[in-house]
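Below is one structure, written out as structure tokens; the observations come after it.
Labels run A, B, C, D, E and F following the written order; every chain starts at residue 1.
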């Protein structure tokens, strides 16, 4: 039995070496990147039996995605498609005031036509927890429907569900996003949202704790987690708030920090930890992620536990 | 006044280091690649005042294409588009029996919507020669029409026209290709075709000389050139055949050899050379191209002339 | 149920960029390399459900080996050890007269202490075919015993067995090797040996066909395959000889060719092909391997079938 | 009509990867670098029609310089020389206390023999603005004279002139520099000087504002700009002082910041902006430059405007 | 006559590019690293005639170590061994909270069997100063004895001796270390110890000055130096304490800082400087080392003197 | 006592990665290269105690040269100069018909001012053999004189002398070269010349053997060696001709082959071998050199002896 199943798009990320420009770089590094596979990798690095579902083109590019995820120890259960593209995105990483810039080239990806009928939904029925994110329905009308179907399949099978709001302004407007996401919320057990997205998309107000409480009150989730970047995260769970700060990190690669947090949080919860402990695992995995090139948290349990335990980074020899 | 104007798509080519596989390469080299800009670069390296027309997305990827072509000394006159993708292709280069493999990711490129109305056709009217290739109409119905329009504009303005058959089996079928191309032939002065394409698409038979003669007889071109890869090229011109062998080359990067040949041939013709001399320039530029990574012939006139003159490659010090 | 199980050591190979010297290279490329995992990867790339058994140190180096093999699609079932090293080898690749040089640094690898008791032998019992090679018993007295135990377990469970002689002169003498290997032969169904090893170690004489026949006569194997490098391979099977030439290849990375051959041969046999067809698959995978950096045949079924079908390598676009 | 023409030397910069030492680096990165072409690139990235004049050896090295500048979108109008070297410099970039070290190898560069007679001075006559810097006359007696000639040509043609003091202690002494520069000042409309150079070379005293005012009073420039590195810049213009702070930047490559500032300032002025706005464009381009490897500000107008508008760098997706 | 002789193990260090993980890096950088050769290189860069003694395997790996040390200007006088490994270590460098991780693979190195009989001890007798460190006896019982022998040889020959405690918790326990080291102390003239090691291993208490005084009182060294990382170092010498702060540095590569300090200190002392000046040279070389990739301080005397003189790092041009 | 002393210029060679063009390469590899240091390295790799004399600028570039040569095991005894450049050359390596191209940037190198007075000529007096080549006097009038002085010093001290004609057409004309070289010949014991140079410069005619005999007859050398590239070499010695073919090699880096030959030949002669054996060592080292990137033969004695013994290159494991 699988512990965690996630569904979504994974792109190939093409990025110049740190600091260089897309206009002049002579080679681009290749990494896999997708919110839902990022979560599943992070969880599986902590010992969760995780599977990622998706639809990919039957091409060297699609196979590359699976090969990369396998390398990180993640099981991929993929529908191979004869049509549709492999989504890509170009990432230029730089410090301020230039900042980091994402250029999406993900239109018409094979995954945009994925329906519940063709996906191996039995895996969802057999899992403990199913997760997807707000990026998925933003990709196509088909996927908007598929997300509903998968959440309903999970609900029917008593598989708990988690949903990360993950708002992407280059994909849809706040109002469209809200309208869609709110159709999912009754089917969601664990909601994760950046405070910023809650304000932009969900009309939330107040600080992170107030947002978590208000969302929990309105939709009666099992748990609501509101993340605040460098300021940590707060959870509303069983009518109380639990809060944890972030760990300090030398940030090399910020993209994927939120997914790493979710993967760490869910892994800890699946292992039976309480919400406070799970927030600590989430922030520890997130902090480690920031030091690791690429979008994925290539961590191991021992180093996460060392950080949760508060050990300082030194040279060990 | 511009000597040569070409029109077509230029893609970003993403390729693993020589011998490596797309599935495992950690970085991909970036080069611009497009038949018609390849021709224009090769010609401009020999002193031709060449301009490439196209339509590109107004993004770092589209701007990258222009930046790369400028670097090689080519003028680009581009319509910037708010919609449409930057075409890309993935190239895995290997020796036999693995061979070289192209994975196109060029659907919905911005250029596929380019019309004669929006392009700077005045440049064509003012040029001595206009060239496009059989790849362009294969990309979209709009471009099929645009090619007709541009050839007609050239004809009206007494700008001579050149057309390279450049058949791509991943884009269209031989019969569709033939039907389309034959609508262009009455508007074409100089036809270039690989012998293989002439057989596959145009129903030609016999050896390269017979193919050239037959095409010339049927369509009454000014010049027909039939290329035979490592066996050189033959031209039918003013009712006689001219033939030249290829120069031997250590082949590092075969893609673009044909375009380099065309660029060298046209540059020589534009400089007033006879067809035989022009074939020699074409095969010399093609041979040099095979030694140069990327799709583009980054040559200079002195080395081309040294090869035409038959000098052996030695260490010069 | 697993189709193929292999057992042996996989090292980390550290190699300067092609042509450079170990003495001056500033960085070394890292690849996994081990005869038995090489075989299993090659077979799994052709669709075989393959598992590799071994014992590795519980360190970033040991985990690296599993991560790399997972990446190529191979399942690894590994005993993690708190003692013993991760075997490594240094490889300097060069053309003649310099030649390619291997510097082993594999003493005291964790795998040298692996016993049948601690290994997941149930996997062997459930498999169709079990393979190991002559490298394994050469590594330690413990492993010499373990190989016997595993072959006996397979025999008892009606799992067929394959054995590749793979003589390594830096590990043991021909006479010691022969003495040990001949204790295994009664337990082996499919024997693979390079003609050179058969002559050096097993006292064979004559050409490859004569060697195969003699070995088959003496030990009554199900199948004996004698490989001859660039001259292909010959099999003795059910009292007749089957012979196939090698495919020509541009050789970039010869190490692992033999293992790729074995993986291709066994995959074909497991799929029900006759011995002649299996030899063709073996030589095709071996030829592809020679074009691929590293020790492992990162191939796919389609390209192997294209080569078996005799297609020439061209640029496909 | 060209907006901006600059004249000076552009070298090839050879630098080890960041942090490495010249003594042990196995490869050196190649970038073009020269104060006056840096200014022209920065301005042209903001939409100015800019041309750089110089004299280069007719060699692969000289052609490389033009190729690189073309790549960034700059027009180069160059006298090709059969004698004289291509200037180079070696740059070791490091943090404190090691610091960044420049090793010039620029003696006898082709440009040191450039005279006004051979340069395409018509371009200067047709331009709105002509710029050179204090590096140019420091290179040779011939160039000292040529600078006078070009400034006079500009003055006669009503082309405005700008001059950046750019004192280089490895090229000449403060007193020689002052003597020479003061012969130019009557021909200069816009003077730019680092506060440090004004103190070392021009005998200035006081803070940047006092320096600007004093220089303006003494020489009656149209505008004097005094730059203060991380503390921004101050301009004396029409009897009043305008001051702007620098934007904070993660500094990867400080060399070229001053030139980027000048390019941004002049582009803004040429577009009709007031001096205060132009200072903001200058400091914004300078701040961006600090994040970009190489000596040249490969920016685009949109990101400069975003910074001038005060937007924070975030991940845009 | 040699000024300084050191004895110990030098490993090959294999490290992923900064920030990358051992699990996924495709290439590993190679550097030599060993406390005693690090000290000797640092001293020789400042003009000391230094020689490093050791025992290495007669293989491309062992020869590589000598080649690298020669490159930095160090003389190596090595016993070549037909048995024993070349010690290696894997180093993953990262910022917090991940931190830097060392994976040793140094068991059974050739040096572990080195005896005083086979080493060129005449070099020690002829030198002014002999140094080894606490790493050496931790490697084998043979080396524990060899260190005693070499210190006695030095003492007999009136060669002064220096010893760096250099405690490595992965090699031995604090109590075993203390027991061994205290047998050496009567033979040691100059003791260097990190404050942390003094507390962990030697049972010291109090601040660095108190530790230095107590050690000096107990063992009557000529000089005791206690280092405190970013807080500088303090020396007890002739009944008084001398203290110097560290220089600030942008830390790229912290490993080897302590050895660089010792090399700088000893070079200054050998040149006749007083202890305070020598501490300044030590901290200056240590600060430079932190900016230089690898374990070795590739510095020159001029830059060290510039830092000792208090000059700020600027761009010199 | 030193066995072999050589004198000449060593440049820094800057070269794009194999196949790439100087115009577009983003990084250049750095190698030391100079005929006389190449010879000395090759000889020292075979056990000769060799020293290279020269004059270098006291800069990071000059120190780099010594550091690189030390790395290969060569002793450098250098006059450090405050004036004069470090010679460099740019090398573009390519197959035919492009060929390999050298761009010298060696004017005004520090070595061009080297006089016998300032060089450590005692080393020459104490050596068995002194070598320089025809490149050295071509660099300056001063060096033309210095070569005479050094040859005379050697002659007086009974140090044997060797001279390699090494004609460089980019440095001087054949007639000037001949005039100068012939003033040296009476002072030369061992003359080495490529057959091509003998024909171009020395007016020789006939095949290599005839050239050797004629030169020997005319100038009464101890030994004359005439090299013929891929056709091996012939020596005239004591009135008889000795001839050896070249070994076949996969040629990666042809530059330096001749110097490697000379180093191998002289090392063998210094070891007491006869001329035939020495020719074999020369051609073996030359063949190995062709497989090694850079200008220098980084070989070891064992592999040279293996080739001289006629062993085939195989994979040794």
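Quick note on the criterion: a residue touches a chain if its C-beta (ideal position, glycine included) is under 8 Å from a C-beta of that chain, and two chains touch if they have at least 3 such contacts.
This one's a predicted model, so the numbers in the text were calculated from it and none came from an experiment.
Annotation of subunit B and subunit D: jointly contacted by A, F, touch as defined at the top. The set of chains in contact with subunit B as well as subunit F comprises C, D.
Two chain pairs, A-C and C-E, are compared here, and C-E has more C-beta pairs in contact (counted per touch definition above). Because subunit D and subunit F carry the same sequence, their contact can be compared by residue number, and over half of the numbers here are used by both.
With centres defined as mean CA coordinates, subunit E is found 46 Å away from subunit A.
Averaging Cα coordinates per chain places subunit A and subunit B 44 Å apart.
Computed centre separation for the pair subunit E/subunit F is 40 angstrom, with centres defined by C-alpha atoms.
Along subunit D, residues 21, 23-24, 26, 63, 67, 71, 101 each make contact with two or more other chains. Two chains count as a pair here when they touch; such pairs are A-B, A-C, A-D, A-E, B-C, B-D, B-F, C-E, C-F, D-E, D-F, E-F. Contact residues of subunit A toward subunit E in the complex are 71, 247-250, 252-253, 284, 287-288, 291-293, 298, 303, 307, 312-317.
Taken in their complex, subunit B has these residues touching subunit C: 19-21, 23-24, 94-102, 104, 168-170, 254-255.
By the touch criterion given at the top, residues 63, 67-68, 70-73, 300 of subunit B touch subunit D in their complex. Within the complex, the subunit C residues that touch subunit E are 14, 21-30, 59-61, 63-64, 67, 85-86, 88, 90, 92, 101, 103, 105, 107-108.
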